[in-house]
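Several structures are given next for inspection.
Two complexes come next, and they have one chain in common, subunit A, joined by subunit B in the first and subunit C in the second.
So, the complex of A and B:
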């Protein structure tokens, strides 16, 4: 049954068959559907490629699922302006492919870049391995066209910088499809670096690798990427794609440097030295693109790879201050051991974004234990001053953690933003926030005509 | 606090200078109870930017909320009170070999004021603007509600990013109380290349073609200054490469130095003059300069080359000329903001120009400040 295709996103543990699925081809299509929904108070959910890992695109039985993947046209490549205008369904990697020959690329590079959509990236404020140096999706979107939950089409920002007024583009990026449906985006194109160097360093332990990361950052080097994998993650990667990482490693670091050749070469020498000082026992530097691809293959396939060593797994996404890395990972290990489950660690070490993979076997009734460990990891992140999500979003999955990171008032204030866009609560309802809230007068607010307004000095818009 | 402080020419009935977050909350509650119209001032360096408020009962100064709350050096993150002067912040983090990568030219600017005005300087080319570096925020709303968003880690996508909405909001959504920023390592070396040119866009393409990555490229109407900040060897090499490219194309290239020239990044206007901010597609710089030469030949210009922002200064600009420039700039997807102008004139003209998405902005304003008591009239469309 075709509707089943859309019953979940990349997080398959939540499923729901949508009431209606609409495959939109144009902004008008979206505006038409949303207007009809608004008239009748019917909820709708936007969906890109469906690779989200927090159940953000989880549909509703009583609602409409608006699929944007057919709006996949690159509308304009304004290379001299360092901008591209794209439909929301354009696949992330396709944009880079389209501008590579001009010497440009689209910087945000989630591991899912071969399949995820730019609309989905915008909704999730997706990151990637290279966001340590180049920032997240939020730093690369300068304009949006959206269909508002009332059905009107609005534009914010565009090709030029610093549009006047509130930074609505900034508020929309990362709002997980709960404020409006993005139907066109203007994004930055970045100049391809003159040189790229990729280094793989093997260590006996996570602690040693973590010390190398701290030393690199403390030396003032800002690599494009610093990624880490622990022994179990390496084992999985070897089983799946055989990247042939150094045998017996307790952890490997992948460090990528890019920029002007002179800077990259000098930084590379520094990073090699710092890794050796942190007792790296083997260091490989990719000598060409093919070798670079092999190094990255193990990292980029890590999520899927753990499927080779475990029948089931949970992909967790939490953030800690980088300096707490070794401490938190030790605590994670402790929690996992006590619960009798295994945790493989893959993470963006440079910015403290952990992706622990909690391995379990549902057929052996281990699900609950794995979930407990996974939740406990989020608590550990919060206890160390971090965040419940670094890039996968809150979605349906992490709503209940929101109340641990923000208090009721913080959440009420976020709700003000929601009410400005979607007063009737029909745009991807039931996501991000732990308890549904209605839009209306806030308690304790004075109402009535303001004296200034009465005097004709100011108008209430 | 002296009572000569005004907001774009409007004097407050009274001023308040809260000492901390609790104090600020009380001030806001009292103002709410009295139905007073509130304005906010940081260092006052940009207080005349924006439109004049339509009312001002109490002006809140953040001058006494000037502490650095937490500097997590190993994590390259700092949290400060809104009134902390940028200069103090830079001095503090420099001792750890770091800096907050914002360099707006206004002297005396505070962290909160820079965020509220979305102020930027030459190095936005490499590091972006306040929206790109602000990772967490504590605000006090018009009714005294204290709320936070974001956090103390650079990577974080939990909840809506209020920081984006408050950045550049000119005090119209609430009072910024505390800010958390991402920091960057201070580059150990700097090399500065200058080239005489009246075609900065062409010069910039040559810089890029050399493979160098400048942290800033500024044009002052006659000379383009390209700045390279990196480790010693790389800064030197990039500057040498750029000099070679520029010289080979016939440019008049100056001596490479390690300091930026006097007036680097300064705005091109004088007190009591007129100052405009022109925004445009990055690739339209040449066309924009031609438009300005035709419309206002006597104007002084400063361009953030490669960023799509050009500043214009003149002793006098007719109101019609502003409209002519707006129409012209619209063709390059940009606009014209009247930053500096006599207070009387500011009351008569639209200093911001048209804002895309204004209806939604009004709805945001109505949610955060339903009675329009926060800096009313300061912002786009009379918000």
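So, the complex of A and C:
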């Protein structure tokens, strides 16, 4: 019965009861479990808080689920070096709380930051509203202690910002638990900005809001965040948490500016002016933290809020070059209308990371239609030079899209990288790649291996 | 005779005449050459401008040197997307020149930026004086077209900031030419800052200058660059390019601030005050671009300048946590004095990237003593939680130090990553790793491979 708790992560449409669940408390616990798995060829899946949205922590019936949420100790705060060493189970927001009084924070801020774990963030290379200015998790991790799929405990990187040899830390971040199990991470601490200003602007249409985004970036302003919500997303947010956004908006923009006070004030004036020029009909600037929190509440609860206006929904996650925003949103609308499906848009407008929410009612047999629309949105992203996932990862959910973005050789290279870490394919198998690969084989594209030609080489060319 | 031009890169103490040199003009040229090499098992080495300082582009007698400096076309400037697509031979500074009138620049700025190529920067994950604030080359490359060691042309990444699947682009950047040959790169363009201020502060001692660095960072100021030079480095710079630094300085700091005018002015006042508190006896602020250029001229020519005061020298490149700066510099001085060797220090103080220059006279038989001091400096960096290279790479020069930083398993994982790209070991072999690895072998640490246990797993734990 207790195992049922772990049968899915944040993407509940895939479920599987794990064979065994281990609640690890120490690196040694993890190393012990993984070693036993390695001896017997048993697959294992690591899990943090289980908030992921691509089924990356979907367990296996024939495997072990290693839950890391009890490894939630902040091991070391090296504030003068601007680094913290944390267990993988440390909740994202707790690290910021721990260093706030020193004038620091941990920058990556997924919407789930109150409950998601830093280990999970590392697995998925999580972004967040503020990654426009501050980058993804990959930019904030400088060292990792991991348990390798063979059971040994290894360290890569450390305090220094630049990796030596191959960037193994970089390869591990975002590898969705398929290369090793992270048991400790060294992460950057960022200086809390001197000032923060948050502005909410209401527009008649998505096009007008999109034009404002382009104008802001073109003016050389780099906000900490630019978020957009369309009318349906606003409706959902109002139904759920009543943030009291301006009535009748076709779209709202949330623009947050942070940095030195004088810069923030100058940029705020620019952003207000540019929004008005783009025909914003109402602009509100939060005058204190409480007002700021209300503005963000609507945005951060948007995914869950959609449950208030639709019995079922798919959260999509695609990326496009920011310059293609207007085109792609129009095309999404067209696809949705043609299929008779409603799509709510909530997204990181500044970096072109779309999160369309495709609404449907399973009891009315609309599931297939919604999935078709959702998949078509991914194709639209690819057609416009974008990608199949911005921050939720490939996991179990999107592995069939991988072949649209990568050819056989590309996928083979990635799988060979995987083989370098996990030759037996026991570390979160069945994720990311559409078809598994046997590690012993030579790369498929090579017809044969020729011995080093001992003669001179000049005659070859 | 022409081949002699290519017998070494910027680290001239290692020389080897290549078997064949190919001056590639197109991706197809590279693919053709690499395919022929792959068919015959002939090793090849890619080379850009040849300014590297770790022997990463050291050729092989039995191999082909693929020179990419003629692939120097800026293929596309997608300014609204803040990206450029460039050939690997494009000179670093030329990209900035090309986008300056649009208000953009290319941020990574190695000292050799007037002559080094972006392809070479990618191979070495080059930093520069401004990487304190703006990061290394890895943070500015979002897509790569490469020729794989099998000869196929592949693309990884693109305009989007977040990689899908494994971060192959991240693994390629800094891989020192051992995984593939880059034939085109998509890089970020950065907004030119509104204001720049450059300050030169003279101190009696390195300790005093170091205290100023700590005070600046602790005050929450993040300069674009903080560079330090000691008395011997200043002497060399004066002998070579006469930047007219304050007389009698035990150390000078160059602090550059950039960003919005109001922030820069506020920070400049803070930095001046903090330098005076740390007992700077002279502070100069450049009042225009010409004065700024003179201040930087001394710093950027420092390595070459040392040739004026010593017949031979070793440029070392190590990293330490910034907080260990004073300790390590004192220890370096102690080691140098005990060995009777002079060491000039020029370095990126802000991020703890040391560049001690170990001076010696080969004709007087001092080489071995200098090498001992140089190696001891690397050991000091490691003892203080640092690393063996900050930005010059491992190349040929530092591969014997790799075993001090990584254990056998770590090195095996990296080499297996290499095998994923280059199973035949023909892509710049003999670099980075102290001992090569046969790719067919299973990882050494596993005693054997166990078949998947078909029975339940619950009994295992």
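As a convention for this text, the second predicted complex is superposed on the first by the 440 of 461 C-alpha atoms of A that agree within 3 Å, B and C clash if a C-alpha of one lies under 4 Å from a C-alpha of the other, contacts with A are read in each partner's own complex, and residues count from 1 in each chain.
Basically, a residue touches a chain if its C-beta (ideal position, glycine included) is under 8 Å from a C-beta of that chain, and two chains touch if they have at least 3 such contacts.
Fair warning: this is a prediction, and the values are worked out from it, not measured in the lab.
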First, second, both or neither for A:124, with subunit B first and subunit C second: first
Which of subunit B and subunit C A:164 touches, first, second, both or neither: both
Which of subunit B and subunit C A:259 touches, first, second, both or neither: both
Touched partner set for A:406, first subunit B, second subunit C, both or neither: both
Contacts of A:348 with subunit B and subunit C, given as first, second, both or neither: first
Subunit B and subunit C contact sites that coincide on subunit A, given as residue numbers: 78, 80-81, 125, 127, 135-136, 138-139, 148, 154-156, 158-168, 170-171, 173-175, 191, 194, 214, 218, 220, 222, 259-260, 262-263, 266-267, 319-323, 351-353, 385-391, 394, 402, 405-406, 409-411, 413-414, 416-421, 432, 442, 445-446, 450-453, 457-458, 460-461
Residues of subunit B that touch subunit A when the two form their complex: 32, 35, 37, 54-55, 72, 74-77, 97, 118, 120, 128-129, 131-132, 139, 141, 143, 145-149, 151-165, 167-169, 173, 184-188, 208, 211-213, 230-231, 233-234, 237-238, 241, 277, 279-284, 307-309, 332-335, 337, 352-353, 355-368, 370-373, 376-377, 379-383
Touching residues (chain side subunit C, partner subunit A) in the complex: 19-20, 22, 33, 36-42, 62-64, 78, 80-81, 103, 125, 127, 135-136, 138-139, 148, 150, 152, 154-156, 158-168, 170-171, 173-175, 191, 194, 214, 218, 220, 222, 259-260, 262-263, 266-267, 319-323, 351-353, 385-391, 394, 402, 405-407, 409-411, 413-414, 416-421, 423-424, 432, 442-443, 445-446, 449-453, 456-458, 460-461
Complex contacts: residues of subunit A adjacent to subunit B: 78-83, 124-125, 127, 131, 135-136, 138-139, 148, 154-171, 173-175, 191, 193-195, 214, 217-218, 220-222, 259-263, 266-267, 319-323, 348, 351-353, 385-394, 398, 401-402, 405-406, 409-414, 416-421, 432, 442, 444-447, 450-453, 457-461
